[in-house]
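I'd like to ask some things about the structure below.
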Amino acid sequence: MKKGEIVTNSILKDEYYQVQFYVPEICRETRPGQFVHVKIANLRDRILRRPFSISDVSEDGLLTVVYKVVGEGTKVLAELKPGEVCDLMGPLGNPFSVPAEDEFPVIVAGGYGSAATYLLAERAPTKGVLLLGARSQNDLILTDKFAAAGFDVRTSTNDGSEGYKGFVTELIPQVLEENQGKKIRFYGCGPTPMLLALAKILQDKGYNDGELSLDHLMCCGVGACFACVVKIKDDNPDGWRYARTCKEGPVFKASDVYVGE
Amino acid sequence: MADLTVDLGKFSIKNPVMTASGTFGYGFEYKDYYDLDKLGAVVVKGIAMKPSHGNPTPRVAEVSSGMLNAIGLQGPGVDKFLNGKEYMPFLRTTGATIIVNIWGKTIDEYREVAARLEAEKDGIAALEINISCPNVKEGGVAFGTDLKLAHKVVSEIRKVTSIPLITKLSPNVTCISDFARSVVDAGSDMVSLINTLTGMAIDVETRRPKIANLTGGLSGPAVKPVAVRMVYEVAQAVNVPVIGMGGIMTGLDAVEFLLAGASAVAVGTAIFVDPHAPLKVAEGIDEYLEHHGCKSVSEIIGGMIR
Amino acid sequence: MADLTVDLGKFSIKNPVMTASGTFGYGFEYKDYYDLDKLGAVVVKGIAMKPSHGNPTPRVAEVSSGMLNAIGLQGPGVDKFLNGKEYMPFLRTTGATIIVNIWGKTIDEYREVAARLEAEKDGIAALEINISCPNVKEGGVAFGTDLKLAHKVVSEIRKVTSIPLITKLSPNVTCISDFARSVVDAGSDMVSLINTLTGMAIDVETRRPKIANLTGGLSGPAVKPVAVRMVYEVAQAVNVPVIGMGGIMTGLDAVEFLLAGASAVAVGTAIFVDPHAPLKVAEGIDEYLEHHGCKSVSEIIGGMIR
Amino acid sequence: MKKGEIVTNSILKDEYYQVQFYVPEICRETRPGQFVHVKIANLRDRILRRPFSISDVSEDGLLTVVYKVVGEGTKVLAELKPGEVCDLMGPLGNPFSVPAEDEFPVIVAGGYGSAATYLLAERAPTKGVLLLGARSQNDLILTDKFAAAGFDVRTSTNDGSEGYKGFVTELIPQVLEENQGKKIRFYGCGPTPMLLALAKILQDKGYNDGELSLDHLMCCGVGACFACVVKIKDDNPDGWRYARTCKEGPVFKASDVYVGE
């Protein structure tokens, strides 16, 4: 556990906020796709920690989290002022594998998925494509940051308020066509239904080295409580087992994700 | 520093603070946080004969001063527990006092898992019989809320093992002391309580239960007053060591349980807030003892003044 | 505004939010805060045949997300209640729906107080039979935790009065639905739940119980998950209106109870935080209904989707 | 209920703090000996209000409470900054009767009892004596303020660290002697054992118009829950009944206080 002093905390866009904690120890160890488990200060009668992907880390010890205000905890977090301190556990979880130089990364993200994959994009030696989907324009975040990192950003929204109107996975065929011959490697992070659809596509097309960040309601964050499980393929009679996303994930191989019922 | 050693009859532990089953995994998950032998005891998550998927998700929901869970006893099964390197073989290397929580869907399953552990009992200080998990459809809480079944489970297990037995009692009953008396009569060397209180929460937006299993077990500070009351009642009713738990977050919370008659305590939900919680609780007990001029923790056990 | 009227079979109330017995005195204490007829119903503190001192002090203690109380049913007795100007005569002038909570130390006392109220029942919409108060030595909870006694109390009262009967159930039992079925069988027109969960807290400095009575009843948000679960179970078990309570602080808390199957709710501990809480809860329910396009509160009662 | 914005909040002496709320509506109605029931902002998992005597009110709407940090609530209250807002119910309870011009007030106070009686001293037309007792010097508060209001202040401490060494009630005989012939009226506020001792003295000596502020753990603050009761004389067979200090008190006639077992 590390005490993380808040250095900045402000609106990023609409309901999305960005907070920076000063925690050099965590920053040093962070790999893309990992998360921190945060005990939000001043939470009244709520005792559990909240998990947030590490969106960025800086050399001078600032760890950035991008979060959407959805409930009690994030509401209180959004009210915290610089100087206030939260307790952070991390970096936790299995990271994404940073692509090799000859690999062309295609990141498929939804919701806060862009925050969870930014560090991956930044550290990728070859810059690729970000396919970012959301319900509507308000939920498309960090596109500028990805563009600045050299990624080709394409967006989709369910309501058509920005970019392609439809599901983000529908943008994949064109990317494949444009980048024929390249060693494409897929990464995904977003809502579970989107990731299951993506896993199916990748499994069908044989992109077995693809990596997906799956998560679920968390409690301990370290593998002890079995709250956070998702179905992962297994050779038992059922064909699947529940794997802990906090410890065995959140990043899983696309080929391991169980896409059946 | 006061003497924190606690004599539990069949064995002693170096301090009165254990981890509550199901909240500390198999110990392995916390090995990088501190040496497990600093704990009074490590109580592992429930072990059954067979591997088990557990319940569908969502399995947890946060509520005022606590949480609901219906993990449904996901676990590796006893074979893997005895042989898999991150389970018992790992635990044997830690030097910690190890208590294995067990459960079954039938009396036969309870007896079989106990017999398997008896056969390889090296490093196992005690078995904690979970007759009180409210989150498995078959067995589990049925045993914990039926006096005859509770007695039967414990006496069947008693026949196949000489390992000290702790029976973990359900709070979802009218008179918990009756259950304590019954399982002690059946051969339990100790009792532990409370397991979780059955509760429910509904997401008003989706109108669905927040726990896929419909109901879940309530734990955390919200249950502490009920837990302290039940520990007091049980400590009056039986002459075996009582292990108290339910909402302990601090050393002073633990002192309440000790004063009520618990010989040791377990820390559960607090571990999710702070993995170091059990150690901090032990330190807090020590500070209390020093502050009150007590040389040993035994001086305050059952020390409530009426 | 949605239609908040609730049909309770024997009578209707204008909105589903009542005050919980013992937390709103006799209504008189809050008369300067707002008009009592804005409430769904006023449920008064428990009335017995004789005046009663109640328990020694301290009678309350604060705990995480709630409180313990052992007031011990201090009260004026039924004669003073019927004649003292700040009691029933005052309540009759308010136009509010009045529910009188009653208790006794023996079955005879229960029957007598009901008979006295039957004789002067003008303005009394219902009697709520408290068989579940954990804080009186004799009677009280004994009736609420014994199926036969519970049945007997209610059927004896049923013989002497035609006033609609609500039986208030204790949560300190293994299977609350059994009690619901039993009291309905005995003639109860409705059930209300939960009363408080028996708990205890110890002052670690003085080593004495924080409640002079040793144990007290836990109420407030801490008990809400247990209360919602029990309301759900009881609503599945009986075909009479269920009045749900336990930890309701907001309109959305109340909606959880309604979705679980309660036809109405009561607000207790929240009144100590904010005397306007029952009105705000009713407003919150209304907002929820509007937001979800419901014309009437009846649309969501029992509306949880499994 | 009134929203009370904190205007100042700072240490008075040692563990005692003084907070000022801006609540003109309450100030206008306040009579000496009444209290406010405060919902302290930011209290984590504690939901109940805390009762505090109103120590002073000003014409421009400032209500002063003097409080000792004893537990969770007062600890959090001491951390609140100007601009933060608490919810106040009040003024609540039965006030002291302000003495008539020909009456000579003798206030016997212990602990925060001086805070609870200051407004009475200020409004008394004839200034009298304050007998203030405490465990030790640190607990003697507001003596200057009483002196400035024209009261003759005499102190006692159990440990002799300031003033007379012993119980404050032991100072009474001398005051009686010094003021023979005056129409002495007693007022008392402090810990219950002290007040019971005082009640006994006043009952024995026939000071039946004396007034004592008795209190107990409170919950509703308005007479509804019966949490806060003390024994008051009654003509029932037991000779006493439990009276609610929040509603029937906190100020009771000294002659009504039941001093038996």
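Letters A, B, C and D name the chains as they come in the text, with residue numbers starting at 1 for each one.
Heads up, the rule we're going with is that a contact is a pair of C-beta atoms (placed from the backbone, for glycine too) under 8 Å apart; a residue touches a chain by one contact, two chains touch by 3 or more.
For clarity, every value in this text was computed on a predicted model and none was experimentally measured.
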Seminar exercise, completed: Touching both subunit B and subunit D we find A, C
Seminar exercise, completed: Greatest centre-to-centre gap (Cα means) from subunit D is with chain A
Problem set entry | subunit A and subunit C, separation of their C-alpha mean positions in angstrom | 48
Seminar exercise, completed: Cα centre of subunit A to Cα centre of subunit D, whole Å, reads 58
Problem set entry | Centre-to-centre distance between subunit C and subunit B (centres being mean Cα positions), rounded to whole Å | 34
Seminar exercise, completed: Where subunit A touches two or more other chains simultaneously, the residues are 45
Exercise. Which subunit B residues sit where two or more other chains touch them?
Worked result: 64-66, 221
Exercise. Connecting every touching chain pair, does the picture come out as line, ring, star, complete or other?
Worked result: complete
Seminar exercise, completed: subunit D residues touching subunit B in their complex are 45
Seminar exercise, completed: subunit C partner, complex, touching residues on subunit D are 1, 39, 45-49, 87, 89, 216-217, 219-227, 229-230, 236, 238, 241-242, 247
Exercise. Touching subunit A in the complex: which residues of subunit C?
Worked result: 64-65, 221
Problem set entry | Contact footprint of subunit D on subunit C as seen in their complex | 22-25, 29-30, 45, 51, 53-54, 57-62, 64-67, 69, 71, 74, 220-221, 249, 269, 271-276
Exercise. Which of the residues in subunit C come into contact with subunit B in the complex?
Worked result: 63-66, 68, 145, 172-175, 197-202, 204, 206-209, 214-216, 218, 221-226, 228-229, 232, 247, 252, 255-256, 259-260, 288, 300, 303-306
